[in-house]
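In the two complexes that follow, subunit A is the common piece, with subunit B as its partner first and subunit C second.
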Partner chain A sequence: MLGLNLTLREASAALREGKVSATELCQRCLAFIKETSVVNAYITVREAGALQQAEAADKRHRRGQALGPLDGIPVAVKDNFSTAGIETTCASKMLKGYIPPFNATVVQKLLDQGAVLLGKTNLDEFAMGCGSTDGIFGPVRNPWSYSQQYREKSAQRGHISDEGSDWVITGGSSGGSAAAVSAFTCFAALGSDTGGSTRNPAAHCGIVGFKPTYGLLSRHGLIPLVNSMDVPGILTRCVDDTALILGILAGHDPKDSTTVQEPFQPFTLPSSIDVSKLCVGIPKEYHAPGLSRETVALWTKAADLLENAGAKVMEVSLPHTCHSIVCYHVLCAAEVASNMARFDGLQYGHRCDVDSSTEAMYAATRREGFNDVVRGRILSGTFFLLKENYERYFLKAQKVRRLIAEDFVKVFCSGVDLLLTPTTLSDATQFREFIKEDNRTRSAQEDIFTQSANMAGLPAVTLPAALSARGLPLGLQFIGRAFYEQQLLTVAKWLEKQVNFPVLQWQGVVDKEHLILQHNKLTSLP
Partner chain B sequence: MWTLSCAARLRPYAILRRSLTTSSGSERQGASPGRTCTVPQIPTWQPAQESQLFKKTTVTMEMIDHLEHLALVDFRNQEGVQRLGKAIQFADELHGVDTTGVEPLVSVLEDRCLCLQDDEVVRGSYAELLLANAQQKIEEYFVAPPGNIALAKVNGYKFS
Partner chain C sequence: MRLAVMLALHALKGLRSRVQRGARAGCQLVDGAEQGARARKKKKIFGRLDTERADQWVGVVGLEIHAQICSNSKLFSSSRVQFAAPPNSLVSFFDASLPGTLPVLNRRCVEAAVMTGLALNCTINRKSLFDRKHYFYADLPAGYQITQQRLPIAVNGILTYQLQVDKKHDQLKTQTVRIKQIQLEQDSGKSLHDDNRNQTLIDLNRAGIGLMELVMEPDMCCGEEAAAAVQELQLILQVLGTSQANMSEGQLRVDANISVHRPGEPYGVRAEVKNINSARFLAKAIDYEIKRQTEILENGGIVLNETRAFDFKLGCTTPMRDKEGKQDYRFMPEPNLPPLILFDAKSLPANMNPQQVVNIDLIQERLPELPRVTRKRLVEQYRILPEHSFTLLNEDGLKDFFQNVVKVTQADPRKVIGWVINDLLGHLKQENLTVHQSPISPSALAELLDLLERAIISSPAAKQVFQELWKGEGKTPTQILEEKNLGLIQDRKHLEQICQNVIEEHQEQVEGIKKGNKKILNKLIGLVKMETKGRADPVMIKTILEEKLF
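After this line comes the complex of A and B, so read on.
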């Protein structure tokens, strides 16, 4: 029997060759979603709808009329993409019960290819966060918390928790999508990426997370956070799968005027890759305060691998990097304040009981509907947009944004093809540690290496490169030139082949006795 | 204002190489001997110190009132007010950046034409679908409470 830990392309081949049926694949994914429910990756699981889709895919496969490589492949979608007839909550009370009347363009494209939509995945409320800990459906738990690798390392270090409270966060805000792919409950997932929300959880969950160039993928139906930076993100278990999904999703959409009009040519990545003609930049400012020793070592190793393979690896400077996260903080809050104005209780979503006046109803609805993080960003955004502050904060941030974007332009103009950086400062933090700092502080730490690609609109991909001493994934990021996704993903695939990242050995929730037994066994070893 | 640490500014190869040779060998397996390391082995900048920050912006009660009215969300408690203070303080670091003569960047696609649709109706008659999510409606109308009533300060949403 085929395991679920196949890549999307392997599963696709198995479907095509009749080794497995779409229905069987779907049933097994649904069963595994139940088995791994501790992870809390899904907000909505659509069992009946998914099985119906799978049956239809099987019929097409039997008739030899499969729609393409995605036909019958189980996928998951972050719960901030509109899905017709399927509740879309943004993990907020404000949208609980909201059933969109239409599909987001990227969702429609997946469905048109026969992809089986298993469900909607968990996130931080309105995608505001970097831990997937701040939504109304509770935090997402990193599947690696329940891996043999992490358990064994914890046991070796004598860290056996009494309450099983040593689980680590997934990162965020697309933590549900990352956990779903990482835990083998689906073959690919959609996330969104405003400041790193796809790449951050992908790095912490040991999978590939891709942020396309701004304007390549349609945002129509993605509930907006920061319009000038949001992009749909792709999460898969290998780089080839990302290229495949990208080929299906990319292209101009009349419903999103910010998608570019040039036709997109889908590509597959070569199996033998030559990096010797490549010039890779190492932005020195990405050794930021707080970068873990392990991550530095891994980053160094990857740079050496590229150099040994003949690539030119050179230090470059992006001098405004240290201002980037502050700039992002201001622009994000300002656009959030503007975007969140649509949630007033009148047309959709939560509505309070107050009916003394329209304004009182708005205010009470928003008080009840939004969490502290969302309210905080709305209020600070409103502050930055006040007439007396507009120039001092908002325009100032937009000016700094230009300096940041120009830093990249200068480096790429100097002959550098792409940049190699860490994705996060370190491996994933335990939940109980993570919540000791507030959302803003955490975002400033977690998004430090990722948000600048959003500010400049550049494509970026993170891939899992090694396990840390704690047995948790560490990711590395490549940032490419705008619309050079083929080159970016080709190099990412090359590095993926070199690092040979281990497969998650799912152990599940183990009772305390078993762990202590295992611990004793380990300590008694000579 | 962020400052580059002195050590980083000088790129002290001597220090760098010493730290490399003393660090555990396993971390440097990939490098061939004698090659300088491209990846900086120490942080190249440090976060701004409190003292370097600009004058603290004070959040007045009038400001709080004003923001709550504009945003139609409330601070709820003192913690919410403190959160705003910290967010402003964080943003104030931007004032250390020289942006003389720099134009604001509104969109990364600024050098491209925005593709607009022709101004004609291509979709429509979705009234039923669109009304389906409203909590209160009459026929084809969303129902709102009476308008033209200024938000009262004591309607329960105000921070006190």
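After this line comes the complex of A and C, so read on.
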């Protein structure tokens, strides 16, 4: 029997060759969603709907009329993409019960290709966060918390918790999508990426997370965080799968005026890759405080690998990087304050019981509907946009944003093809540690390497490169030139091959005795 | 013509238009305000212009006009635009602000704004931007309106309009008002307050319809000027087809910013007057407001910077409950719309899909004849009075009606205009009909005028035929004439007999005439006319009577 730890392309081949049916695949995924429910990756699982879709895919496969490589492939979608007839909550009380009447363009494109939509994945409320810990459906737990690898390392270090409280976060805000792919409950998932929300959890969950160039994928139907930075993100278990999904999703959408008009040419990545003509930049500003030693080592190792393969690796400077976080904070808050204005309880979503006046109803609805993080950003964004503050904050932040974007332009103009950076400072933090700092502080720490790609609208991809000493994934990121997706993913695939990242060995939730037993077994080994 | 001289003088001195306005405002104030102003009028008669200007309050009026764009679909969505459709039947997901929906700019609305801008001599910005203007209101579902605050589509235009001098019909003066900018923006929905059930109902049919906001500089000084400017703008928009511009249907909404000051001094604190739904009420509201503010200042009071509503029943303005006091709209660039780039023949990129670009030069070529030009042409071509040319254009279809009559009748256009404006339009107004609903066709009127021209019918009889035609029974003027026996008495003998009878029956008057009081002859003529029921030619009556009497 085929396992679920196939890549999408492998599963696609198996379906095509009749080795497995779409229905079987779907059933196994659904069963595994149940088995891994501790991860809390899904907000909504649509069992019946998914099986129906799978049956239809099987019929097509039997008739030899499959729609394409995605036909019958189980996928998941972050719960901030509108899905027709399926509740779309953004993990917020404000949208609980909201059922959109239309599909986001990227969702529609997946469905048009026969992809089987298993459900909607968990996130930080309105994608505001970097831990997937701040939604009304509770935090997402990193599947690696329940892996043999992490358990063994914990046991070796004598860190055995009997309360099950040593689990680590997924990162975020697309933690649910990252966990779903990482835990083998689906073959690909959609996330969104505004400051690193796809790449950060992908790195922590040991999968590939891709942020396309701004304007390449439609945002229509994606419930916005920061319109000028949001992009749909792709999460898969390998780079080839990402390229495949990208080919299906990319292209102009008449419903999104910010998508580029030029047609997109889908591509597959070559199996033998030559990086010798490549020039890879290592931004010196990315040696940030808090960067773990093992991450630095991994980064260096990857640079060496490239150099050894003949690539030119050089240090470059992105001098305005240090302003990125604060600049992002202003721009994000301002757009959030604006985007959230529509949630007033009048037409959809949560509405409070207060009806003394429309204004009182607005106030109470928004007080009840949003969590502290969202409310905090609305308040600061409103402040930044006040007439007297606009120039001092918003306008200045926009100027800084331009400087940050120009940093990249200068580097790329100097002949550098792409940049190699860490994705995160270190491996994933334990939840109980993570929540000791507030959401904003955490975002400032976690998004440090990912955010400027959003500021500049550039494509970036993270791929799992090694396990940390704690047995948790570490990711590396490539940032490419705008619309140079093919080059970016080709190099990522090359590195993917070199690092040979291990497969997650799912162990599940184990009781205390079992753990002790295992600990004894491990220690008894020579 | 003192006015014109005054203007010229100021122009010579190179004074700013503001001062000129101030000077003119003096007389306008007399029109607008009542008692207190009378005294000043007297003063003016004595010609003490200089001192008067220095101590007199004059009005300063600027307008903000929202014109609903005439287009099939809304500004940023494909919902249809239709008047009086069932509530909430024309609402797309975007119009309802469902999360994740994005605006897509309607090309037709852009073209309408460019065309309007060109007609108003604006500079068309090759690049313009969209902004969000935030405020919470139930009929604004997104919590913000998309507008063009920073860089609008058109700027620096001029609207030229004319108005009568001192109510004299044959004297018109030409004025201009500067157009600061034209910006594209979304309309809001409508709130319907149900006071009985203490609830508000929202209709989003209007939400998202394209508007052109025209901001006029405060170059006007009284209600009459503002009304004339608005009426001219209405005509222009209608001729362009960019807006139906009907004020009573809300396609044209005018807010007036009004202040008073003494010429040479800085502008006073202004009040904004809203809820004005006709040009006549606009004039009333402005003049009332100028009077009100003047009285406040005369009494040492302070004018408040506030929003006021015009109550057309009471003819006055009253303070409006302000939206939570002073608003900060927290403007922000609209991130979902790229800059709007317009092209001309030179800058048009070769590889662009023509459906995706707006070419200003093409729109310029398609610009129709503007009302001012049309009026001038009518006056020159038909030698009618300028005021008649206004009437012809102000009534939808009247100009075409007039021209269609002129085309087929032998009558002088100057006679035709009298019939068209006094008789036809008079009847239409009385029965509240449009020109298109007229029971009398241009050809019928032309036929009637021909009968008159060829002296087959007298003028009073022609009026009778007109009345018959108005009944709309499908008869031609000739048929009516024959049926009712309304033709002129061609038989001179018959007419002589009637005259003879009148002379015999009115010997007293005849004596008077013979004594030299020739005025009495007119009375006899009138009596003959009566006897013939208007079917006799007055010239012939006079000749016969004179022959018989002298």
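One rule holds for everything that comes next: the second predicted complex is superposed on the first by the 523 of 526 C-alpha atoms of A that agree within 3 Å, B and C clash if a C-alpha of one lies under 4 Å from a C-alpha of the other, contacts with A are read in each partner's own complex, and residues count from 1 in each chain.
To be clear about the criterion, a residue touches a chain if its C-beta (ideal position, glycine included) is under 8 Å from a C-beta of that chain, and two chains touch if they have at least 3 such contacts.
Because the structure is predicted, anything quoted here is derived from the model rather than measured.
J.: Given the touch rule stated above, what does A:S82 touch, subunit B (first), subunit C (second), both, or neither?
T.: In the superposed model, A:S82 contacts subunit C only, not subunit B.
J.: According to the stated criteria, A:P254 is in contact with first (subunit B), second (subunit C), both, or neither; which is it?
T.: In the superposition, A:P254 touches subunit B and subunit C alike.
J.: May I ask you to decide whether A:L346 touches subunit B, subunit C, both, or neither, giving the answer as first, second, both or neither?
T.: A:L346 sits against subunit B and subunit C alike.
J.: Have a look at where A:T382 lands relative to subunit B and subunit C in the superposition and call it first, second, both or neither.
T.: In the superposition, A:T382 contacts both subunit B and subunit C.
J.: Quick one: subunit B or subunit C, who's touching more of subunit A?
T.: Comparing touch counts on subunit A for subunit B and subunit C gives B.
J.: Contact-wise, after the overlay, does A:Y362 reach subunit B, subunit C, both or neither (first, second, both, neither)?
T.: The answer is both, since A:Y362 touches subunit B and subunit C.
J.: Of the partners subunit B and subunit C, which touch A:D438 in the superposed model: first, second, both, neither?
T.: Only subunit B is touched by A:D438; subunit C is not.
J.: For A:G457, using the defined touch cut-off, is the partner it touches subunit B, subunit C, both, or neither? Pick first, second, both or neither.
T.: first
J.: Check the residue A:C322 against both partner chains and state whether it touches subunit B (first), subunit C (second), both, or neither.
T.: First partner only, subunit B.
J.: Find the residues of subunit A that appear in the contact set with subunit B and again in the contact set with subunit C.
T.: Shared contact residues on subunit A (touching subunit B in one complex, subunit C in the other): 98, 101, 228, 254, 257-258, 261, 337, 344, 346-348, 358-359, 362, 382, 386.
J.: Where on subunit A does subunit C make contact in their complex?
T.: Residues of subunit A touching subunit C: 81-82, 90, 95, 98, 100-102, 104, 219-224, 226-228, 254-258, 261, 334-335, 337-338, 340-344, 346-348, 358-359, 362, 382, 385-387, 390, 394.
J.: List the residues on subunit A that touch subunit B in their complex, please.
T.: Those in contact with subunit B are residues 98-99, 101, 214-215, 228, 252, 254, 257-261, 282, 284-285, 287-291, 293, 296-297, 299-301, 303-305, 307-308, 313-315, 320-323, 326-327, 329-330, 333, 337, 344-349, 351, 354-364, 366-367, 370, 372, 375-376, 378-380, 382-384, 386, 392-393, 395-403, 405, 438, 440, 444, 456-457, 482.
J.: Taking the complex as given, what residues does subunit C use to touch subunit A?
T.: 93, 96-105, 132, 134, 136, 138, 141-144, 200, 202, 324, 328, 330-332, 335-338, 356
J.: For the complex, give me every residue of subunit B touching subunit A.
T.: For this pair, the touching residues of subunit B are 2, 8, 27-32, 35, 37-47, 63, 66-68, 70-76, 79-80, 83-84, 86-88, 90-91, 93-97, 99, 102-109, 112, 114-117, 126, 129-130, 132-136, 142, 144-147, 149-152, 155-157.
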